[in-house]
């Protein structure tokens, strides 16, 4: 176990509803004690939503996740791991963005992420924003990991495959992000799994590009028929491969995540999605993102609340590995 | 395959959030090109909610479904069918209604529906409004189908059986619609299945009338115990029987459809309900309705969004049949 | 069967949306006819939320459940029992509370409850308010039952185990209520089952106190792995033991109950929770509570609606016993 | 001063948020002590909204006003009068309604109202429901007052003049109520003032019928130009004439009353509307209604809250007269 | 008076809540009868919100205004003019947009507008979308009017002056639209009045550019001090000058228009804003826009409802001129 | 003018929607540069709502004001003053609270406030929480000012006078805060003005205690009759007296501030309230609070938005004094 620790406020003394909301009440990165530096995971926001194809508003998503994550406690009962003991964690603020340019935002945010913590040690977790921001974090993670040959493996939870080439004449959109990641060599499509996608589609061949690239697709319908065996196999095969995880909150049914921009109906319950996530406990997770939380359509805050839980679950996947002595 | 086609706007050029919202962005019926006439399915609204027994407001339901259905794409991944290729589809506007009289509305709406497309060819899909409007569409469909002997078969998704005789002295209400349909010979109760009903009830014998008529009842509790075997058997036995489908959005749990007038708690997830619907792929669907969407209680629009998906799923059931060469 | 009856308004004559809302339209206790006295179950509110650790507002919960429970009908299809025939039921109003003191409120409310109906005969159902109010009803029930030796058995549905010793220097909080109940001898921890709890926790040992006391814990994760066998065994073993049931609405996923103060994500659907509840049909239920409904975060009223259904389901558990001739 | 008194719960001991909500926490009429009988004012609900021309839902209005009126205290600082000292007041429950028939509802509700308290003594205050319910209360009041020759005077606050003859073939609607009241002789149009109406209209002559009958119209635009002089003159001229007051909550701008069915934009602030109401302090108010509160469009409850205040303000107008020794 | 007429559905026969919502129920432009062509005013949407600096979502504004404007009737009581008699009016659909480029959208939308009706005759009314879309409509109007020398006069209602040069490196934004209009010669700044602007500002000189250009500024604070005299003088001085009107819904206080992206607190009531608008009755209005309606923050629909009223009020300003024989 | 400056992020480079929300984007107090220390005003939250008498939830108010105040710019157009130039300002975080004890919270928060900046120099602005938290800030301010003889002057905006002695047996509540402040000598009642209070009241003498103490009461009704002359006179007479300002957001009408716990209907518009506030420009403001923002009842965020504007307006009152050379 790492001897670093995350200094969390004691909620039995300081209420969770008090204070500036940081991700899971982690310290701001500028306040991390020297003995806990460099941090193991830097969680930061990218408040950009100019890449959407339907409803905008996810620029306010990172802040909503921060507020909701006040309720997160550090010990995970299923994995039997205490995040605050295993990792030094920090809220690294929000990356600068260029609200009128997706490509510029991706560059600015990647540059910001590269500067967080200590490259090679610190792992990067970006909270969106729309899915287009994932490219920034994949770029920064890929470089921080020394540009793994063939690209990183990818675990992708989403209702949409996001490998569209061009939308409205633009190559950088929330629907194109993984196509760009393949082209830039960040992700190895033959070590990518997409979980939970579902239709309807514009054309039957909308998923073919990904399939042709070797992506393992476990659609929601596949999962209803097959269960999770292909997911477990994929997880087992990952071994120590440097792996990135991208979680689009719209992978769960809109009953669980109404606050999102391109809802897709008839999907996972939150219990099912979390069960699938946990199957990746112990992978060599080198970076992650959580995207598409849209607070204006989330009147009771349940979308942001679930996103906060998912943020915690993802960090714990890596904590399991560390707990095993990795 | 039919050589007719539905002309949909290309969303990768014209955004889905633009333009007057028609059902699934189908053309208005007056704008259908001559080569695509008569349309195969005419989808129209009946903005009436005077038949309710609890919360009114479903008069705004058809418009909410139109707006939400902007997000529907034409290709169905599970059934492997492209609606826009298989069918000529149109939004046929809203039927005239008589807001102070259920019986008059049923007559006016049936008359309107009879005038849509080409009787015998065009199939009718009514979007409510409350469930009382189903009678109008069943009447028009029955006649368009040449008054099938013994009445049409019926697939009924609902939390309520809707075979009450009289409510507050009135025979035409949203709780009475199938009793009237039996009496008018529109529906053959011995070829009717009701899926998803659940209590509590006023009296133990509230379901007896339907059972006595021969209705196959698969309550939500039955389904939890038995699974879907009786549903599959019913579907298989339908063969080429002219079949009507009536979908009350309250059949799913209120978490998935909060915007409805008589919510019933502890029901299907949307994934489960859609799974059951799909088991009817390939039936000879001659008409359908989708009712009880109440937008004022739907702050995030998830009820209307799910309804739009269900509208699409139902049309695809018939497309499967056509795809098989029927 | 009891020859007492609950006089319900006939909703087919008097609409459910009319009149002062009482729990399930039961008569106010002062209006129960002499032949129906003493009532079998007195359902009353405790509008107190000063014991919360996160979001307050449950003081308005009892009134919201009353309003939503207008829709409840008396006959239960699964259990085949008609509450209004089996029991004399009444809405016993709201207990007095001391909004600035949890301990005083618990005393006042217990005193109020002791005065309802006929002790020894009348069983007490408290609707919160936050979970701290359960102590009041457990005290009153325990005394009305003649202080059962070793304490009452307890069926507990919740996302949180609520056995924390002290919060912010205070022993009476919504997180401490069962620890106090053990200490006061009201509940026998070795005859207690907690269903649905889940993390994250502050510390790995947060559940240890309860385990050490002998509490049977079936966490949500346990249930996903094991199914309901331990629950069924516990129910079977209860026999005629005087049993109390405490239902915290946050046990279901926030999609089903957004209106609650300490939501926990990734939980039961309402269908699953109700299925588990029904496994206790026929236990010797001597008291119950239903807590943590927070209307201000419930824009469509689905939390209160589900709570009303749960209130009905719980009463029916005892009705099953009576129906069996107990 | 009357020696009768209204027994209000002491909110400094019993919180306002506790207990069944009755209008302003007045006692239910069945609980009024003998020495306070017959009551001076009976406030009752008519939960009917079948007379609307746009958005329904006001059937839940009376209950929402009850809940919101928990916050009303009895002493009026402007008029220097304490309602609870001046009057014996009661919540008289909800009238029976016939949800599918406006005319029947008007008859049933009028019959119910006639039975409240002691005719000739008890004055009737109906809370809607839509404006069509006013006819019921005007009928009952007119009779209780011994059928005043020429009809009662009328003070009418509204955005709409509600003197349309027939809507969709129906004579009994929320837009027709005063035309019917003229025809039945209940109201003397030449002693009627309409305050706050505003356009747009279907036709320029929509207001002519009322003008021709002698109604004093002070439109919102008139008031902006002229101030309140004509209103003051009308109030002065009323003298001891038996006067009825009808208040449609849509007379204020939708910012102050979003929860209403036919909102009209650009109207009074609540401060302005209340100022105008108070100018009628001391009139011989023999009956009143308050209508068109639609809770489903009132997410923060401000419409119901304002309506509760208006209910209080109206009762105080009569209390001023009594305070003067009338 | 023009002998053309607008064919409106008769709402006393066809309910306002029925049918596809077009602006004020005007006919779609493709359905205007030949005798009513070319239309006098074409009202169209520009569903673009990529130019915002704070909250996006106004891309759904035009559709929300359409839905809300179902309630608009054609006769204006204050101006004594019936829009449907004076003008041939049409809903001209939505312009194509390029969601990722403000400049392209402005070009596309202007091109679309140029094609509506008959240039020189048909006047153009654009409904946003954010304020950046006004440039498109000003361009098209300017050209349709034969490029008036010195540019058009401008009446501007807004909380923000929108003459910022560059935001985040971009010249085309919702804060820059009038600066661009000056530069392109579309608007004559010395014939422009800005009504209702208010702070706070980033710098004291944020309004100086406009003042230096000769813009008449009547801030909200000015209006509180001075009343409307300068506004009246400006209106009088307009004479027959071709005048454009731009109305940003955020000019009213957020209580009246919560659904907007950059709310400014402490502003006009809707009654005050409409009063000021009416002072321009009879100007030679050659084009107009209405912008910044953001439906996701408008839970009761009052913002869209007020916008619909403002749309009607603006059209009536020109109808007054025509009514005078212009 | 002070040569200190507040370092604000440049919103034309860093979007206002990005980053951790601090009050008005002021720096966190730990990040203030040495040359700007000690700060002139420390703005901090007190997240406590246990002192309420009706609806709780204001514990989340400070965070909501922080988020909404992202939109605040530093230059005030009416006063012609730039806050960021005049003052060194900081967000001083949230005070510790004791959620189960009002008295302890008041002590803890006062102790926290005493430690902020440099006593005697730094002025304290507390954001609630409910009104009970004002006592903490008045105590700390009083001491920091060297315990001004006779107590501080007080400007109080509120719908409620908050001088009740005891509520439910408790002396420390949101309704009692000024009575305690008189008793502790913090406030000189004869130099206190209360603006905007209105009824209804429990008893006619509810305001008498304050009147007897010499408080100047300008009720909302007084203001409608008299205008603001007494307010102006009071402001003039303040001279250099150390003055505290307490602003309860419920002083404006609920249309402008729906998100509050004890709404009072028929009050100021936000424009009116801000106009009255500005009349105190230049007073010697030594401390202030802003209370009773309840986010759960504020679906569009307009209450928090107005509160952010009021926070800015209050700080500017002191900036005016400094701008004059004080």
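Chains here go by letter, A, B, C, D, E and F, matching the order in which they are written, and residues are numbered from 1 within each.
Here is the rule we go by: a contact is a pair of C-beta atoms (placed from the backbone, for glycine too) under 8 Å apart; a residue touches a chain by one contact, two chains touch by 3 or more.
This one's a predicted model, so the numbers in the text were calculated from it and none came from an experiment.
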Query: Which chains does chain B share as contact partners with chain D?
result: C, E
Message: By the touch criterion stated at the start, how many steps lie between chain B and chain F on the shortest route?
response: 2
Task: Note whether the interface between chain B and chain C is symmetric in residue numbering, meaning over half of all numbers used appear on both sides, and answer same or different.
output: different
Query: Could you state the distance in Å from the CA-based centre of chain C to that of chain D?
result: 40
Query: Of all the residues in chain A, which ones touch at least 2 other chains?
result: 13, 15, 17, 53, 55, 59-60, 99, 167-168, 253, 255, 269, 297, 299
Field: Which pairs of chains touch, using the document's own definition
entry: A-B, A-C, A-E, A-F, B-C, B-D, B-E, C-D, C-F, D-E, D-F, E-F
Message: Under the definition above, what is the set of chain C residues touching chain A in their complex?
response: 53-55, 167-168, 198-204, 206-207, 219-221, 224, 253-255, 258-259, 262-263, 265-269, 297-299
Field: Of all residues in chain F, those that touch chain C in their complex
entry: 49-50, 53, 55-57, 59-60, 98-100, 102, 167-170, 173, 296-297, 299
Field: Contacting residues of chain D [partner chain F, same complex]
entry: 11-13, 15-17, 71-78, 80, 82, 253, 255-256, 269-271, 273-275, 299-302, 305-306, 308-309, 312
Query: For chain F, which residues are in contact with chain A within the complex?
result: 13-15, 17-22, 28, 30-31, 45, 47, 59-60, 63, 66-67, 91, 93-94, 96-97, 99, 299
